[in-house]
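Below is one structure, written out as structure tokens; the observations come after it.
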């Protein structure tokens, strides 16, 4: 069972990583990067590292996305001015 | 008891699946959200309840209850925030859409201000 | 018997994540991708509980709590970014 | 064109370099000697059920101190880079909906309490100071998101950060004075294994780490969000 | 678990590819964070031992026999710190990117020629 | 219009009363949360009481959203009935969604309609909006004062009154008693 979970989640992660690089839209790339972290924290549970899973869920998918969004917001705002 | 728990879990997972399928099939973002929010909410509630029932020996009922209440409260909230944003940035509605009161009212308001 | 039904339920949840991810690839707009991400997080919470039950550790449920909480904040952040509110 | 070839060469080089890691890597069959010692002696020596916590807080406590320092420097760097004079023109932000505002007002205290739960139970559950700090920081971020006019009092933030940082170091020195080494948790009673008030000073240390990390992350986000331009 | 090691390697390669080919600085930072995730996955997978459980002793783990039933706690501790540092580094890079954008009005890496050799 | 309403804060006698009620209720909620999260022993309960008191004091300056809750026996009874109604609607809505999704023709006729609510309390409106989102075929898109804008997957009524009757009132009559 765990092997199937790892295979499926891993395939999704690789697809999301490619999506994050290939995407033209910055917001979509950030969302895809968030999805990678989200799935990585599931894998950490399979790997018996719950502390890491919790940290990754909290930081990787939550705060990193938020920090990226604030940065994008600054850049977009300047866009509107110029 | 355990068998009932497992069956409830199975029903929940089918709802999760249907929600994801609806996400894929629906024509525009609001309809997708409808399918996504409702089906995944009930699906996850059933899944969690079933898991707690199927493993009666675990002392996790309190945490599962908190998780369910939390999902019921936040899932519609985030859907609402997203729907509002999507409407604001003007994502086109599906061709089948009959009416849009919000857009009309917003137009009226802008007209009134000018 | 119980175990087999339970495992089938887990497999269906896994397939649901896959379907939601296909919506994320297809897009077409960023908002659609966020909706897909939202659905993926909720399904993942179920999957975490499934893993906790399969691996027989009660303490993994805490992760599901943190996961749900933080993903809610993340989705709200993206929504507020889209409507130019932050 | 030259650039593309160059990129392909670099990627190929990395692939060849990393391939043996995947190909020849045989999973270990048992714990390494250091880990074996930690697992064997950790629970009795320190009283912490979560062995990762005992490694982070006590056995490798100095590393954690360094890490918190790195985080502090990064927060200060963000503040330095984004420091600017206030300008008059601000782009109007769209207010959030009533529903989100009242939902946040209800959820925020619950998130705070949950964050405290996470770092107080760092020695029993997968949680800990870092995770709890992040949860508290996300609660603050939710507050910032729910209303465009919300401001975070920076003085309070700095006060919490420096106080918790100072207390963290003070506890470390207390361990040096009263027990055997820096950040030793055994100057408090180890208590009954598996309860809240066990593992000596670990809950205390993790609380201060949690507050400090939370304050620093809120500082980073606040600096990135601040409408200075 | 070697499957995870391979996954980590693929993620590292994808992140590196993104960092080398992308023009936009934000995209380069995203590539960096993908690479980060790959490295963390590999580190955790090295500490994993087959059929063992998390190093948290409660009713599910026998304390006397813990040495034979739990995984290595050290990689977990290392990765936990690495993730937090990764966030700090990402935030620092992003604030630097914002600063660059304010100076030049663009994020295209080819526009920044001052340090090119 | 909205902004003005929010900004005016009345520091009257009833305002202080509301804040006190909010704080006490919040404290009880937090203790309940802690009790559900932790195993039951004396240490944990005292820690929970201490943490709850600290958090309740820390958030003293925030909106007293819970102050609108009415604490009469009738409202408790209605709360129970409301929970049952809510669960019933949730199940119906899921079967409805399932039917639409599986049907190869996708039988939808979506649109955004406007409805009016009588509720005045803010947390009451929030719960109403959440309930609407989780009931058959409806999704709250926006709120302006007492008007809610709802995306309806299959429009049955075109006018404000008909839509209000169909969507809002089945919850409103209970929530009105609970929150006012």
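Lettered A, B, C, D, E and F in written order, each chain numbered from 1.
Note that contacts are C-beta pairs under 8 Å (C-beta built on N, C-alpha and C of every residue); 3 or more make two chains touch, one makes a residue touch a chain.
Here the structure is a predicted model, which means the values were calculated and not measured.
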| item | value |
| --- | --- |
| Chains in simultaneous contact with chain D and chain F | B |
| Farthest chain (mean CA position) relative to chain A | F |
| Most remote chain, CA-based centroid, reference being chain E | F |
| Top chain pair, ranked by number of contacting C-beta pairs | B-C |
| Length of the line joining the C-alpha centres of chain B and chain E, rounded to whole Å | 31 |
| Distance from the mean Cα position of chain F to that of chain B, given in whole angstrom | 16 |
| Mean-CA-position distance for chain C and chain B (Å) | 12 |
| Sites on chain C at which at least two other chains make contact | 10, 17-18, 34, 52, 55, 57-60, 62-63, 65-66, 69-70, 73, 76-78, 80, 82-83, 86 |
| Chain F: positions in contact with at least two other chains | 33, 37, 126, 129-130, 140, 142 |
| Chain A: positions in contact with at least two other chains | 48-51, 53-55, 58-59, 62-63, 66-67, 70-74, 78 |
| Every chain pair meeting the contact rule | A-C, A-D, A-E, B-C, B-D, B-F, C-D, C-E, D-E, D-F |
| Chain C to chain D touching residues, read off their complex | 59-60, 62-63, 65-66, 69-70, 73, 76-77, 80, 83-86 |
| Contact footprint of chain F on chain D as seen in their complex | 95, 97-99, 101-103, 105-106, 108-110, 112-114, 116-117, 120-121, 195-197 |
| Chain E partner contacts - residues on chain C that touch it in the complex | 55-60 |
| For the chain D and chain C complex, residues of the former touching the latter | 93-96, 100, 111, 114, 118, 125-127, 131, 134-135, 138-139, 141-142, 144-146, 148, 225 |
| Sites on chain C touched by chain A in the complex | 7, 10-11, 14, 17-18, 21, 24-25, 27, 30, 33-34, 37, 40-41, 44, 47-48, 51-52, 54-55, 57, 59-60, 62-63, 66-67, 70-71, 73-74, 77-78, 81-82, 86 |
